[in-house]
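Two complexes are shown next, each including chain A; its partner changes from chain B in the first to chain C in the second.
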Partner chain A sequence: MIAALLVMIGIAVFLGAVLGFSAIKFKVQGNPLVEKIDAVLPQTQCGQCGFPGCKPYAEALAKGEADINKCPPGGEEGIHKLADLLGKEFIPFGEGAPPKAKSVAFIDESTCIGCTLCIQACPVDAIVGAAKQMHTIIASECTGCELCLAPCPVDCISMLPIAEDITNWKWRYPVFPIQATI
Partner chain B sequence: MKAAFKFHGGVHPPTHKTESTRTPIAQTALPSKLVIPLHQHVGARAKPVVQVGEHVLKGQMIGKPEGRLSNAVHASTSGTVSAIDLQLVAHHSGQPDLCVTIVPDGRDEWIAHTGVDYKQTAHTELRHLLRQAGVVGLGGAVFPSDLKAYSNKHKIKTMVLNGAECEPYITCDDMLMRERPADILRGAEVLRELLYAEEILIGIEDNKPEAIAAMRQAVIDGKHEHMTVVAVPTVYPSGGAKQLMRILTGIEVAAGVRSTEKGLQCFNVATAYSAWRAIAHGEPLLSRIVTVTGNVAHAQNFEVLLGTPVDELMAQAGSRPDTDKHIMGGPMMGVQLPSATVGITKAANCIIASSPALFPPPKPALPCIRCTRCAEVCPAELQPQDLYWFAKANNFGKAQEFHLFDCIECGACTYVCPSNIPLVNYYRYAKSEIWAREQEAQAAELARERHEFRQLRIEREKQEKAEKLAQKEKAAAVAKAASDAVQMPTATPLGPNADPDDAMQLRIDAALARAKEQASAAHPKNTETLTPQQHAEIAEADARRAKAHEMALSDAEQKSE
Partner chain C sequence: MSNSKIKIEVVYALPHEQTLLKLDVPPASTIADAVKFSGLLEKYPEIDLAKSKFGLFGKLSKADTVLREKDRIEIYRPLIADPKEVRRKRAEEGKVMKKGGGDI
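Right after this comes the complex of A and B.
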């Protein structure tokens, strides 16, 4: 009887030690769900969701504090992905947040006064320039978040939609007449 | 020798090859202008190295390769560069691309060029020559040949020379093999040398007996060893690289595996020919054999300068008025040209003049009945009906699971579909959507990295600023304590826990006290020689000023109350 008890206690102590050790050794840093959600988000860092960037929105989604339809750059496909990931129902975009065509910011360099306000606003450091020097956008790194538009004191930044050319052209969904079957 | 193996599926469309093989390859007249696209190969677009207005010689490089996967572009004749701008090109999109337009001067004057003896030249040098000569795969894929003629990881046993030319209407390789077999085989020897390949197998479809005979004779005449011409059965798409390798060697190159890993490499016969011209004669790729056929008076093969506008080429074959469009390539995989003014490129093996009588508009598509005829003919052994289903439903993940990217877009499935569904268009749509998503994901990854780095930098800058400020304050406090100790021993020393506001107030009080002291120490000068009357006036004025000051003070007090 006592031997059995001792064996059970021994096993319990041993397993507890193993569990305790692995809890320290294999501790997961951060919330893995946040990482997964962040991977789905488009990383425009535009703040249209009401959070200061994609990661904070992902954190809020992981805690269940935000709706999944707050990310216009992600498009409806993004909502579907979030719905799948979080096991939620699809919700369409609200009234005020229709997804826009993809675009990049463009600085009218003749108007720019070199105030650096847009550089400070850019979440991905896609603007090059210095005080009292002309600024310009690195188009390949611009996410089209529009955060540089508001701070510009001379309104020299505009958003140019990305035009289709031979490098980014895509095959269209095949559309052809379907014969009526009577 | 007959082929011993076969691939899965395949179709037998009417070949229409005899129309254009009745007469030998003809030279074209010099066109009025050449529109030479700078992107005629797989990889990065060549960078223009000429200026508008510059006079160029035949064979002069006008676009230099940019990056590893790229290739050179040359002036096909001597003349003047009249424009470097966006022009329509032979592309499915119908979008313009950067082209160099040259107006020929009619002299056709060559730039200085000499060949090398490939046996006496280092391999890296030979590959460099191929790259600088703009040699790319002329079977239609236009992959840079210098990159294909290199294998350091895997031993190449067999080099396949592709003369199958399986697509209907096209006969350019057939005519080249009939007329210039010796140079093709010499080029093949250069490529074999570069790959250290043991044997060369030349696959030619058995509907080209003249080409097979000519090539066999050339093998004997040229005393080429370990080189065999194999007649392969006529079935579309036997000219696909993987399909031909399978027919000739029985080796199947699986999905995601490169043929070099299996000891195989494949070149088109015209590529071997232009490799020989480039190495032995120093001639860059300036022209190619183009089959002009379809709705024309006399279908024929022409040796065409790259950049020749299609309409000028068609005129030489006798274009007919009811031609409504032109197809570059064959009817199975070809590109419908956005305009008849586009220039001939390295990929243009054939131009078919199309008319409604020749190619009637496709019949309306019916729903898929899942008859699986497409699966029976698919040379890649895919399930096209499933791929269609997933592509149609935008279920791209599933389409990829079903090996969408193994599809070679040969069009055999579309050809046999009893419901007339444009299956290949669905696969192309799905592929380009998947590529676009991948690019978006990469851009997002870049944006995330940059954003995170920015956050880190801002945090770091904040910390550095705080540290600097703390150090400065500390230094100032030390200096002040030292100066206070010397000048004003009576001043209250600041304790280490003193409130910053109190410290500021103390400093202000001290400054006021110093100012007062200075004011009382200052005595009015020039007053010694004044009369008593003047002294009395000064005293009076001082009294008035003091009174006014007092009144102002009491006023302020009243107001503040």
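Right after this comes the complex of A and C.
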């Protein structure tokens, strides 16, 4: 009888110690879902979602305070990934975030004065240039976030849509009109 | 081994064609070494080690600057427009300059 009690108490103490130890050792810092969402977002930090960056948007998504269709740089593909991750239905871009044609910034070389303001604004280091040197945008790095447009004092940056060709053509999702049958 | 080389990037950007090369160079290489190593001098004859300006991540640097891991060497081209001239022209047109930009 006493032996059985001691065994049970021993097991309880041991398991309690294991649980207590693992609670301290494997403590999760922050919300792991935020990290996962943040990894899906394009990290342009452009603020087009209405939040001051990708991480705040990820936090709002994790709390369920924001819709998944607010990220134009992520494109429809991004919405699909977020929908899968969060177990939500796919929603197309709403009125707040119109689906623009994917475009990259382009600098008009005849007016650029080499002021570096656009370089400081670029969140992805896609602009090559230094003070009083020609600035050029690396098209493959540009995410099309348009953050460089506002700082330019001579308005020499414009957005050029990327022409659709065989390398970036995508199959459009089929749209079936729903008809009521009586 | 990987620690005997440092990873760097060399960029030369033309308006419609940008070259971004990822290179491994020996430690203590300079900007000039990396530009020679990149092969861009042969591809673009207008780049001149003596005359062209170079920089690291938007900061003008001398060609004998020693590189560090993950540096991006940028080869610059001169401006076409004269900043003073552009400013004068805009003033004549009566346009307001955005000082620093951003707010408007």
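Brief remarks follow.
The criterion applied here is as follows: the second predicted complex is superposed on the first by the 127 of 182 C-alpha atoms of A that agree within 3 Å, B and C clash if a C-alpha of one lies under 4 Å from a C-alpha of the other, contacts with A are read in each partner's own complex, and residues count from 1 in each chain.
Convention: a residue touches a chain if its C-beta (ideal position, glycine included) is under 8 Å from a C-beta of that chain, and two chains touch if they have at least 3 such contacts.
The structure presented is a predicted model; accordingly, all values stated were derived computationally and were not measured.
Of the two partner chains, chain C is the only one that A:Cys152 touches; chain B does not reach it.
Residue contacts after overlaying the shared chain place A:Asp165 against chain B, while chain C stays out of touching range.
When both complexes are overlaid on chain A, the residue A:Asp125 reaches chain B and chain C alike. When the two structures are aligned on the shared chain, A:Thr44 is found in touch with chain B, with no touch to chain C. By the document's definition of touching, of the two partners only chain C reaches A:Ile137; chain B does not. After overlaying the two complexes on the shared chain, residue contacts for A:Thr111 are found with chain C alone; chain B is out of touch.
Residues common to the contacts of chain A with chain B and with chain C across the two structures: 125, 141.
Residues 11, 13-15, 18, 20, 53, 55, 57-60, 72, 74, 76-81, 83, 86-87, 90, 97-102, 104 of chain C are the ones touching chain A in the complex. Residue ranges on chain B touching chain A, taken from their complex, read 39, 89, 91-93, 95-97, 362-367, 422, 425-426, 428-429, 431-433, 436, 440, 443-448, 450-455. Listed in rising order, the residues of chain A touching chain C in the complex are 106-107, 109-117, 119, 125, 127-134, 136-141, 150-154. On the chain A side of its complex with chain B, the touching residues are 38, 41-45, 53-55, 123-126, 141, 143, 164-166, 168-174, 176-179, 181.
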